[in-house]
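Each of the next two complexes has chain A plus one more chain, namely chain B in the first and chain C in the second.
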Partner chain A sequence: MADHQQKSDKTVHRHEALQKKLALKEERKHHNVSFIMMILLTLVAFYAISSDKIGDSFAVMFILVLAVVQVFFQLYIWMHLSHKGHEFPIWGMASGILIAAITVASLMGMIWTS
Partner chain B sequence: MSTHASHKKRTGLMDWLTTVDHKKIGILYLLSGGFFFLIGGLEAILMRIQLIKPENDFVSAEMFNQLLTMHGTTMIFLAAMPIIFAFMNAIVPLQIGARDVAFPYVNAVGFWLFFFGGVLLNMSWFLGGAPDAGWTAYAPLSTVSAGHGVDFYVLGLQIAGAGTLAGGINFLVTIINMRAPGMTFMRMPLFTWASFVTSGLILFAFPALTVGFFLLMFERVFGAHFFNADMGGNVLIWEHIFWIFGHPEVYILILPAFGIISEIVSTFSKKRLFGYSAMVFATVLIGFLGFMVWVHHMFTVGLGAVANSIFAVATMAIAIPTGVKIFNWIFTMWGGQIRFTAPMLFAVGFIPTFVMGGVTGVMLSVPAADYQYHDSYFVVAHFHYVIVGGLVLGLFAGLYYWYPRMFNRVLNDTLGKWNFWLFFIGFHLTFFPQHWLGLMGMPRRVFTYMSGQQLDTSNFVSTIGALLMGAGTIVLFINIIISASKKNIASADPWDGRTLEWAMPVPTPEYNFAQTPLVRGLDALYVEKTAGNGKMTPAEPVGEIHMPNGSILPFIMSVGMFISGFGFIYANWYAAGGGLGIVLITMFLRSVIDDHGYHIHKEEVEADIKGGRA
Partner chain C sequence: MHADERLTDANFPDHPEKATLEGKNKFLGFWLFLGGETVLFATLFGTYLGLRNMHMDGPAGEEIFKLPMVFVATMLLLTSSLTSVYSVLAMKQNRVKAMQGWFIVTLILGLAFLGLEIYEFVEYVHEGHTFTSSAFGSAFYTLVGFHGGHVLFGCLWIATLLARNWNRGLTLVNAPKYYLFALYWHFVDVVWVFIFTVVYLMGKVG
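== the complex of A and B ==
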């Protein structure tokens, strides 16, 4: 009886280990993909600025969008924000970004438009 | 444990310089905050003596400008903030059932940075004159102010501000991560909630100030022109940056007082707080709205009707959650078994006084009316009603309430009542007439006034009131000295408390809880009292307790900052670089020296429990 239990415990353990391995593999894949993507995005950003074919004002907006994408890669893939237990950092960052955005927008509106 | 051997027990002065224990750091904050409170109070009394009669010449105009600048700066940054941190340190870890804050070492760094920043700022008195551009340091007044006064302001506050920021982050992490089992967010005592929101405000507001100080420092020390309109700069940027920090700062100050009042009103009414979840929601909402209203300090600079209206409406909106709190305190007392002890007296005095400050606040938030009030004594009356009538009464209440926990002695209740009445009557005598002074046209920040403008009587009354407030404070110090000279130890739970800070014996063991308590509801201790067992159920067996080692590095690091601050003020790059070098070396040492702390053995804990010491 005790022997039996030990055996099933062992298989459970093996199962868990396997799952962990798979998850790790998945994560490594994400890391590789995002690493390549981030290099590509950076190259594209450089190209957008150095090339004459793309207008200046469009290029600026374009690389800002790329920057936002990069931030998400950084936060979610590399800093694991998607994992459990990151609710507080997300709340903190979101409210910080919100307050900073309101502040910067109203400052720009009040100082440099009138 | 092998690490146990590495533990050196320090005593006396060295113990205080190296401590990382939140209880001791709380006491350090209280002592130094109290010291700066006395200095700031002295400056205030000197100003009031100058204003007791028209055309007085007790101090010179230049001296008056220095006094008013240092009074405001000292009271906000070096008295109010540290005393708030004193209570947060002494009480929050106990209230959430933790053994310390999340980063005890950073806690010590935060304290010493504040301390040396404050000392640096006050050195200006002896080194050619204190800052004289007002606590708001508006450009271009601050950028052209002669001498080194404003440099001391910038560098001193920059260093103290870094300490505050470290403290705020520490308490955010502590409250999120270190709560005892069962201590959910919606079971946290209101003081802990207020400390949490205040820490969040510090995290978001102080960086704005840090940036502003760097700009001002570059302008004064390195000849930059951020605020110099002749060179393409803009003076308004300083004003915006200062108030983007400054308004959240006033809520950083008042929220902990709200928390203290909530604890006291509930304890001394023997009722749970009325509308607990509404109180929590109001606290969070006030914190959030606090970032959307800074322009109400700038209604008269000419930002235009649209900007003024938006910020006026946002400002008025804050009155709503604030009103919710007022009503909840009143309903908590309603039908309760009220005991008018000294802390309760301060709490009850707080409520109407703060309401009066809130009402003048809403008056000020109407831009058209503010054109009349702005920069007059009316504004001075408003913010003293909220800061002294609100925050300071709250801090006095908290001091009387938590004194037994912090210092193992009870303050005398009769003297406490004298303290209250002298201070309370003095306060209203000082600041109520200032409403009229403002409405009659007396501008703020003037060193004298002419006779025959009907300003004499109100100013005279105001000065008498200030002396009474001073007398009230002296009574407090007499009370403290008397209690310190007596030998009798306070009982562990002198007020029939409801929250966890009353759940351990006095003196509080260095590890706070021998066994982490299991929290089974709001007002955790009271839940157990009504359930009949009267003490907390442990959530873990007795075991080894891991403790952090003390360290002298935070002290040395802050001395380094202090030296470098001097270097920047006098443009002496050897001192500036050398000081920063000391900081870097201490950081390096901290990183490479492995310090795992030490363990208190299970047997010692068991002996403490048996001996009634834990």
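== the complex of A and C ==
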């Protein structure tokens, strides 16, 4: 009886292990895709600046947007913010980013260079 | 089970980094720390953006920045971020050797990045762009150097962590430590994304 119990426990365990393995495989795929995406974003940003075809002021706005997109890939996929149990970390980062944006804007405005 | 007992495949939890109260606290505390670091780097970015055209008699960013070198540095750091995520994946499967291997690759890439940055700074100093040459110089070296300091700290951190736990396998005590290092390393890469965009690429177009 005890032996039988142990055997079925083992099967359940094996099934769970397989599921876990598949989930991790999926996760690895996401990581690889976001790595390729980030390389592409970087290439596009460098190209936008070195090419003469794109106006400077547009290029600056464009590469800033690319940087923000890339950061979201990092935070949500590589740092797992999209996973369960990350509500407080998201609040922490969101408030950090909010204060950071205000800080950058006000420092740029306050430094008077003429 | 004691927290410092070596984990086996049979008793391995889904989230070894958050399986103890201490692990949970470290996880949350570290994320809040990263929120604070974001603000800290924002002060340096804001100052740099305000002062980046005040180069006085020294060279302007446009004249000295070399995009190919910055691109190589970016790729080194981006790849090291990927290898540290591979380490975390290996950790979740209790594959200790693979985890250690990927962390060592991360460490080597981080050191290569540092070497490139030191070479870059030495070049700049020869061209008359120093910490005291202008407000642009001070703001540049404070921002980029502070990031480089973070990379150096990360290298020392992971080297110590690996050496200390080399033969211990994974335990509930050291799993959160590895996990937090990976978070820190991704954050350092996040900051670099803004440095290459705001400092180098925007510096090229004035």
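By definition in this document, the second predicted complex is superposed on the first by the 101 of 114 C-alpha atoms of A that agree within 3 Å, B and C clash if a C-alpha of one lies under 4 Å from a C-alpha of the other, contacts with A are read in each partner's own complex, and residues count from 1 in each chain.
By definition in this document, a contact is a pair of C-beta atoms (placed from the backbone, for glycine too) under 8 Å apart; a residue touches a chain by one contact, two chains touch by 3 or more.
Predicted model only: the values in this text are computed from it and were never measured.
K.L.:
When the two structures are overlaid on chain A, which partner does A:I99 contact: first (chain B), second (chain C), both, or neither?
P.N.:
both
K.L.:
Is A:M61 touching the first partner chain B, the second partner chain C, both, or neither of them?
P.N.:
neither
K.L.:
Looking at the overlay, what does A:W78 touch: chain B (first), chain C (second), both, or neither?
P.N.:
The second partner, chain C, only.
K.L.:
Does chain B (first) or chain C (second) touch A:I39, or do both, or does neither?
P.N.:
second
K.L.:
Please determine whether it is chain B or chain C that touches the greater number of chain A residues.
P.N.:
C
K.L.:
Taking the superposition as given, does A:F88 touch the first partner, chain B, the second, chain C, both, or neither?
P.N.:
both
K.L.:
Figure out whether A:L18 sits in contact with chain B (first) or chain C (second), or with both, or with neither.
P.N.:
A:L18 contacts neither chain B nor chain C.
K.L.:
Is A:I49 contacted by the first partner chain B, the second partner chain C, both or neither?
P.N.:
second
K.L.:
Which partner does A:M110 reach: the first (chain B), the second (chain C), both, or neither?
P.N.:
After superposition on chain A, A:M110 lies in contact with both partners, chain B and chain C.
K.L.:
Check chain A for residues that touch chain B in one structure and chain C in the other, and list them.
P.N.:
On chain A, the overlap between the chain B and chain C contacts is residues 88, 92, 95-96, 99, 103, 106-107, 110-111.
K.L.:
Which of the residues in chain A end up touching chain C in this complex?
P.N.:
13, 17, 20-21, 24, 27-28, 31-32, 35, 38-39, 42, 45-46, 49-50, 56, 59-60, 63-64, 66-67, 70-71, 74-75, 78-79, 85, 88-89, 92-93, 95-97, 99-101, 103-108, 110-111, 113
K.L.:
Write out the stretch or stretches of chain A touching chain B in their complex.
P.N.:
On the chain A side, the touching residues are 88, 92, 95-96, 99, 102-103, 106-107, 109-111, 114.
K.L.:
Would you pull the chain C residues touching chain A in the complex into a rising list?
P.N.:
Within the complex, chain C contacts chain A at residues 9-10, 14-15, 18, 27-28, 31-32, 34-39, 41-43, 45-47, 49-51, 53-54, 67, 71, 74-75, 78-79, 81-82, 85-86, 89, 92-93, 183, 186-187, 189-190, 193-194, 196-198, 201-202, 204-206.
K.L.:
Which of the residues in chain B end up touching chain A in this complex?
P.N.:
Touching chain A: residues 172, 176, 200, 203-204, 208, 234, 236-237, 240, 244, 288, 291-292, 295, 303-304, 307 of chain B.
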